[in-house]
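Below are two complexes that have subunit A in common, paired first with subunit B and then with subunit C.
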Partner chain A sequence: MGRLIVVACGAGINTSAIAEDSIKERVIQEGFADVEVKRILMADIEGYLGRSDLIMVVSMMKIFRTFHVPVFQGMPFLIGTKQEKDALLDKIVDAVKKT
Partner chain B sequence: MLEFSEANVAFSLDVPDSQEVIRVLADKLCAQGLVSKDYGRLTYERELEHPTGLPTTPFCIAFPHADADGVIQSALAIALLKKPVFFKNMADPDEELEVHIVVMLANKNPEEQIQTLRNLALLFGEPEKLSKLRDQSSPREVVAWLKRELRLS
Partner chain C sequence: MGFLSTFVAWLLSLGSSLMVMIVLIILGLVFRVGWQKAVRGGITTGVGLAGLFLVVNVIVSALQPAVAAMATRFGITKTLVDVNWADAGIAWGWPGVAGLIVSLLVVNILMLVLKLTKTLWVDVWSYWHGSALAGFVWAMSGGNVWLGILAGVLYLVAGSLMSDLTAKKYQEFNDMPGIGVPCGTTVQASLFAMPVVWVLDRIPGLKDWDASPDGIKKRFGLMGEPGVLGFLLGVIIGIFAYGGTAADLGLAQILGLGMNVALMMIILPRMVSIIAEGIIPITLSIVQYMRERFKDREIYVAVDCAVLLGHPAVMASTIIAFPLLVLLSALLPGVNMLPIASLAVVPFWAGAIVPYTKGNVVKTVIVILLYAIPFMYLSTLTATSHTAAFQMMGQYGAEIGKGLKLASWDMGGDILGSIIQGVFHLFGV
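Coming up: the complex of A and B.
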């Protein structure tokens, strides 16, 4: 079974697309052939939390709750320096390797 | 193809609030037939629900956009503000940010503009670049500089 990373934002157009594309690019570089990265609306998150293939949530918004999978705040993809963007990708890759 | 010319720049714009910035930028795009008449209203309504202020340094910016419905041709518009206006923080809507530059991206389809979006995100992350953008001295310079940074032809 594949592994799923969801990238959630409020309205799901431009912002999460940047994060989604950044993560996808790195996932391909790392050779994680079974990892899918999917952009979703935060309002739809409940439908994904029950899925057994879900391994990570990347949220572009402040996170007010806990999840049973690792959660990363994705704002650096939008406003972080190149180094901050890469550092966040490193953390995401480490977390993927642990699943 | 992303439409961006001097006609899409509001230079040294003096407006009272975020609603007015959004209206001015949407009007510029609408006048060129790039977005529908109600794009400004749609964008402002979306801004109330899903704010787009970003806590960048050395000053904050905002990135208002609506869904693709009102977009006829993908386009970028930008306002350099004479005095800042408030936008709510995208990551934390309880926080008001003093915004100096507003970038409106009317996007038919995010995948189509993904490289431009990522180039924008690199710009947003570099304080020196944002300062440079604010220091451009004419709409013509803003367009030339931004096209170079975003690698728009």
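Coming up: the complex of A and C.
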């Protein structure tokens, strides 16, 4: 069974695509063959929370609630320098390794 | 100049999706994203643009006969067809788009160096509001690319100044240090909200009236689903247009219209997303470059307005506002467009308003309704230049020849954009 990372934003048009792009690139580099990165609308998140393969939520907005999986704030993907972005990717990779 | 205009003419003759492909590949190489990403990005955006026009084609051919039938049967003159984010097609498909991107970057750097703004405008995607306006002015002027670029830059510069005024509030409310949101009608909604909320806070009774966002979402959440909302609106228009006209009382036509409108509501944003996807590598490259150069200054890095949608009051207020906005547009005299696709912009307005209403649903709805009224009239007023822009790009020529007129809230109804169009008009454009 694969592992699923969802990248959630409000409109699913631009911001989540940027984060998805960066995470996917790193996931391929790390050789995580079973990890799927999926871009979703925050409004649709309920459908994913029940899935047993969900391991992480990356949110492009402030979420006013909590989840049972680790949540990362994806803002550095939009505005960060290369260092800030890599630091966040390192954290995400660590969390993936723990699952 | 001679060479450039020949080149632009040739680009334009290719059609907008091929043109944007070539433009983005060149820009990608200029901003050093690597040729693989440049090519992939260019083709992706070209495909998104072509897809967008396909979807709009479906909706135009379904909706135009319906609004025309409504006009002949009941004299309801809501004849403008709402295409909303199809304007992204103008924005990325008009021939000056590359010139606009480069010009704005240069102007933004100059303004930052001279400390005229704190907004580092690196989110290339959200240039589209300015670029669509540029396309309108280009069409109004009979094809003057330079005037288009000038209008677009003016609009986007105004956007960065408005972003300076609102950034702190957005950062605090959404807990996102360092960002700013200079996007078109979103940031204008914040400026509008400031005085209106000040007044609302002083009205006894209204001051503390609120509704629970979660309760609203539970009960009416389905209405917030674009597909469901679209189907319903399509069916309502269908009943007015075709109800009782055929052997099956027009049922087939009514349901068919519902399905077509639902299709537009779901597919149109997807196509816009594909357009945006192709631009990402260029955006990322510019962010890197600029962040390195403005490291030690307090700056607000521009991000897409989608980051403002997190608060639960956003969707709750939007759902309540939807039927009221449609009703208001139907009843107000002189408003010739029933909003359908344009409703998609309302959550972004709500996102820009809630930091000022502190998440109060009732106040947010009131601000949305008041803010939307100028949009209703301005989208009617600007329909001519709007339609001309599509026509000059070679889209929907046959239908436009037969009297089709296109309009939208997000760009057509844009207050600042309409003012700039008006100023250019005064100078004889």
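Throughout what follows, the second predicted complex is superposed on the first by the 99 of 99 C-alpha atoms of A that agree within 3 Å, B and C clash if a C-alpha of one lies under 4 Å from a C-alpha of the other, contacts with A are read in each partner's own complex, and residues count from 1 in each chain.
Just so we're on the same page, a contact is a pair of C-beta atoms (placed from the backbone, for glycine too) under 8 Å apart; a residue touches a chain by one contact, two chains touch by 3 or more.
Since the model is a prediction, treat every value here as computed from it, not as a measurement.
Enquirer: Check subunit A with both subunit B and subunit C modelled on it and let me know: fit or clash.
Expert: clash
Enquirer: Would you check which partner chain A:D21 touches, where first means subunit B only, second means subunit C only, and both and neither mean what they say?
Expert: Both: A:D21 reaches subunit B and subunit C.
Enquirer: Of the two partner chains, subunit B (first) and subunit C (second), which one does A:L78 touch, if any: first, second, both, or neither?
Expert: After superposition on chain A, A:L78 lies in contact with both partners, subunit B and subunit C.
Enquirer: Let me test your reading of the model: by the given contact rule, A:A43 touches which partner, first (subunit B), second (subunit C), both or neither?
Expert: Second partner only, subunit C.
Enquirer: From the superposed pair, tell me which subunit A residues show up as contacts to subunit B and also as contacts to subunit C.
Expert: 9-11, 13-15, 17-18, 21-22, 60-62, 73, 75, 78-82
Enquirer: Would you pull the subunit C residues touching subunit A in the complex into a rising list?
Expert: 122-123, 125-126, 174-176, 178-179, 224, 269, 272-273, 276-277, 280-281, 283-284, 287-288, 291-292, 295, 301, 303-304, 306-312, 314-315, 347-348, 351
Enquirer: Considering only the defined contacts, which subunit A positions touch subunit C in the complex?
Expert: 9-18, 21-22, 42-43, 59-64, 73, 75, 78-82
Enquirer: Would you pull the subunit B residues touching subunit A in the complex into a rising list?
Expert: The touching residues are 46, 49-50, 52, 54-56, 63, 65, 67-68, 90-92, 105, 107, 110-111, 113-114, 117-118, 120-122, 124-126.
Enquirer: For subunit A, which residues count as touching subunit B in their complex?
Expert: 9-11, 13-15, 17-18, 21-22, 60-62, 73, 75-82, 84-85
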